[in-house]
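You will see two complexes here that share subunit A, one where it goes with subunit B and one where it goes with subunit C.
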Partner chain A sequence: MKLAKAVVVPAALLLAWEFVMRSRGIESDSLAPPSQIAVAFVDAMLDGTIPRRTAETLRAALGGLAIGGGSAIIASVVLGLVPPAARLMQFSIEVLRPIPAVALIPVALLVLGFGYRMEIALVAFACFWPVLIYGHSAITNIEPQLIDVSRVLRLTPISRVTKIVLPAALPRYFVAFRLATAVSLIIAVTVEIASNPQGIGHELMAAAQSLHPDLMFALLLWIGIVGWGLNSLLLFAQRRLFGAAGAAVSASP
Partner chain B sequence: MTSASPLPHPAASAAPPLIAFRGVNHDFGQRPILRDIDLAIGQSEFVCLVGPSGCGKTTLLRMVGGLLAPSSGAVSFAGKTVTGPAREISFMFQDYSKALLPWRTAAGNVALALEAAGLPFRERGPRIAELLYKVGLAGHTDHYPAQLSGGMQQRVQIARCLAQEPSVLLMDEPFGALDAMTRQALQDEILRIIATSRTTVIFVTHDLDEAIYLGDRVVALYPNPGRIAQVFDVTLLRPRNQLTTREHPEFLRLRRALFDFIAEGET
Partner chain C sequence: MNPRARALWVAGSIAVTALIVVAWQLVADYGGIPPVFLPGPDRAWRALVVGFSQGELAGLTLATVKRMIYGWALASLAGIVVGALIGSSRIARDYIAPMLEMVRPVPVSAFMPVVIAFLGFSSNMVLVVIAIGAIWPVLLATVHGVSSVEPRLVEVSRSLRLGRLQTLWKIALPNSQADILAGMRIGLTVALVLAAIGEMLTSEYGLGFYILIAARGFRSADLFAGVILFGLIGLVSNLALQEIERYMLRWKRR
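Right, the complex of A and B next:
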């Protein structure tokens, strides 16, 4: 029932789109009726174009996410636990952070050339900031009493980080990673559209330039599905992993 | 005082005090928090600190726990100046919801103290079971703090403190957030547990009745800045009983004296 309600509007729009294109007999280089888009989608799936291009994009996006997000975790723990380091780095962070990752495409191209390396580097740059900022605030906002507990029990500095600080900050890190995942896909596709001859973005650009609106829209649809799928996967994981801890946070007065 | 037989007072005996404050002053920035604190606490003594908010009770406790150094003067434990947390001194926090790790079960929270002490993994299980049994949580080993009531969470904290095998137990308003019935049950629980060991307890509370019921001595503090105003000796017999002890003339006399004293301090 819920699904039916959700589908009503898009289905009506698609039907109207199909009807207008057919009844007017529009032959266009920039627009295709939904039926042709569906055919193009199935063809591109079956001949391996979409799976191959998707693998390329995801490899770059997730690789960049792992590198950028991973180094941001380490950096945020250091900044969070060593306030002088945070003060020292604050200016540099505020200058570097606002640089749009896509503005670095020419630089990356010049230094690293086409291929995975430049795309991963740009995705990593873009993913570094949200994880750093969220992670830093997660660490500095840890309940001070938990730190007192770790002091009273005389935990070693390493145990303090692994047993108290990181678990306490983990839910916020997860939220940061969800944000960064969305960013990684956006940056990967953008880099592919702008310059890098690989991935879904490149295929999309090629379809548009070779006047295949059906394939172009099919790829657009697919990018949406991939993004939605990744986010759903992470939401599901978040509920599974932090269900109990999340309940604990909301249940405490 | 007629029927109460006075117990020999540990601090009054010749043995050197276990914990001593000597000329302790403390300031937060410009604000004076504590002034001229001199207090000696003997082995196995149960001392309650009472006084209005802002009298520095918790600050005193944190100093003994090694969480805070006084601005001047010194706090000593077993003859040595306290410079940081010690294994023998365990600290029980008021806010159980913030003192337990929400991502660990009751057993896991107790395990934290054993991990910190470096107890081998194999020996932890039986020790945890024993500690949780001792505080009446045998059936709740695998429950997360969020699944336990406030009283039960505070029992987990007691178990975690006991896991340290402390000779001193510092308790910062541990039962302040609990309902009256739970509170009385835990008061008796604590008295029962420490009766068998020779644990020294410093107990901070707002509740004058609680202070008299639990303590060997009640130290009343004045606020702004915190100073020791008066020390009351409690000579009530042990083991204490929620009904008979609280009806005892000596209890009522002390209660009256403390209430008058606090009322006086507020005017």
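Right, the complex of A and C next:
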């Protein structure tokens, strides 16, 4: 019932869109009826354009996520376990964090040129901050008793991190990575639209520029599906792995 | 922590930033990186000073800030109005809200080629894209805030016989103020990002266009000056909004 209600309005809009375009015989360079968009979607899927371009985008997005998020884990563990370091770095973080990753596109272009490297570098920069901030709060929010336990057990600093700190902070790190994954896709697509000639973003820009509205809308739809799919996959995993702990963290970052 | 110790820590963290700038200078001077790629802070600073005193940096910055604020204001206004309408009606929540949830995960920059196809490369197009992108955080926060009013407050409004608009204005909106302001803060960040991208794509007068041209001309000092200004815009606008948030929500802390 809930699903039916959710579908009614979009379905009606699509039908109206189709009907108006067909009955008036509108020929447009910027708009195509839904049926043509569907055909273009299937065509681009079958001839390999969409799978190939998606693989390019995901490679850059996930590569950047791994590099940026990975280094942010290390940095956040250091900042979380050594409070003086966190206080000393605070000003630098506050100054660097507001730089929009897209403002660095020209810098990355100048230094690295077109291709994966510049895209991955920009995604990594953008993904670094949310994981750092969430990770830091994850570590400072660990039950103090757990840290006491690790002291009583006389764990070495390294096994304290791997056996106590990281497992306790894991749900928050997962949420941080879920948010960073969305960021990584956004930045990858944005960089492709703005400059980098590869991936779905570039294909979308090319379709719009060459006056193929059917393909353009099909790709827009596909980007939405990819973003939605990634997020639902991670939400599902979060529920499966962490249950109530993950939900509690999502609600109160 | 007493205020004196806190001041010392703040001073220390500023000193660390200063050290990073010094390290940047050393790397630029002796690191073997061609100055075409990496200007030292001295050259970036000079580019800023010259750009503001003789060049058009002030005008460019103003153009970008204006664009960001106009688009964001448009998005916030529309987001609050539409969000309040959807959030306060059960029917709209059931029928329209799921559709919004489906549009939300689309990276907003993906709308840019579509809007270009309709409006061409113009400053209106940039404004529309900023508004489309920055509306989501505000809209969804408003829907959430308005629809999660405490049941007792709803009962109060009923026993006072408030109409729907009055309930919205006097109870639901004040109640969701914190959500809305948080959404507007995210929206402002989105607006800056989209202003930058929009200017790069359309060659509209602004900082985004400026840094792209600087990079193409291998003028790295100007490029870094532009990036620093972008960082400053982000920092200042975020701090300003934080202050506004604190001021507007002061009634909640009592």
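By definition in this document, the second predicted complex is superposed on the first by the 241 of 253 C-alpha atoms of A that agree within 3 Å, B and C clash if a C-alpha of one lies under 4 Å from a C-alpha of the other, contacts with A are read in each partner's own complex, and residues count from 1 in each chain.
Methods note: a contact is a pair of C-beta atoms (placed from the backbone, for glycine too) under 8 Å apart; a residue touches a chain by one contact, two chains touch by 3 or more.
Small disclaimer: the values here were computed from a predicted structure and weren't measured.
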| item | value |
| --- | --- |
| Subunit B versus subunit C as contact partner of A:P167, first or second or both or neither | first |
| More subunit A residues in contact - subunit B or subunit C | C |
| Subunit B versus subunit C as contact partner of A:V152, first or second or both or neither | first |
| Subunit B versus subunit C as contact partner of A:L122, first or second or both or neither | neither |
| Partner chain in contact with A:V77 - subunit B first, subunit C second, else both or neither | neither |
| Contact residues common to both interfaces of subunit A (with subunit B and with subunit C) | none |
| In the complex, subunit A residues that touch subunit C | 2, 5-6, 8-10, 29-31, 87-92, 94-96, 98-107, 109-111, 182, 185-186, 189-190, 193-195, 201, 204-205, 207-209, 211, 213, 216-217, 220, 223-224, 227-228, 231 |
| Contacting residues of subunit A [partner subunit B, same complex] | 143, 145-146, 148-149, 151-155, 159, 163-164, 167-168, 170, 244-245, 247-249, 251-253 |
| Of subunit B, residues touching subunit A in the complex | 65-67, 84-87, 89-91, 93, 95, 97-99, 101-103, 112-113, 115-116, 144-146, 164 |
| Subunit C residues within the subunit A interface of the complex | 9-10, 12-14, 16-17, 20, 36-38, 94-96, 98-99, 102-103, 105-114, 116-118, 189, 192-193, 196-197, 200-201, 207-208, 211-212, 214-216, 218, 220, 223-224, 226-227, 230-235, 238 |
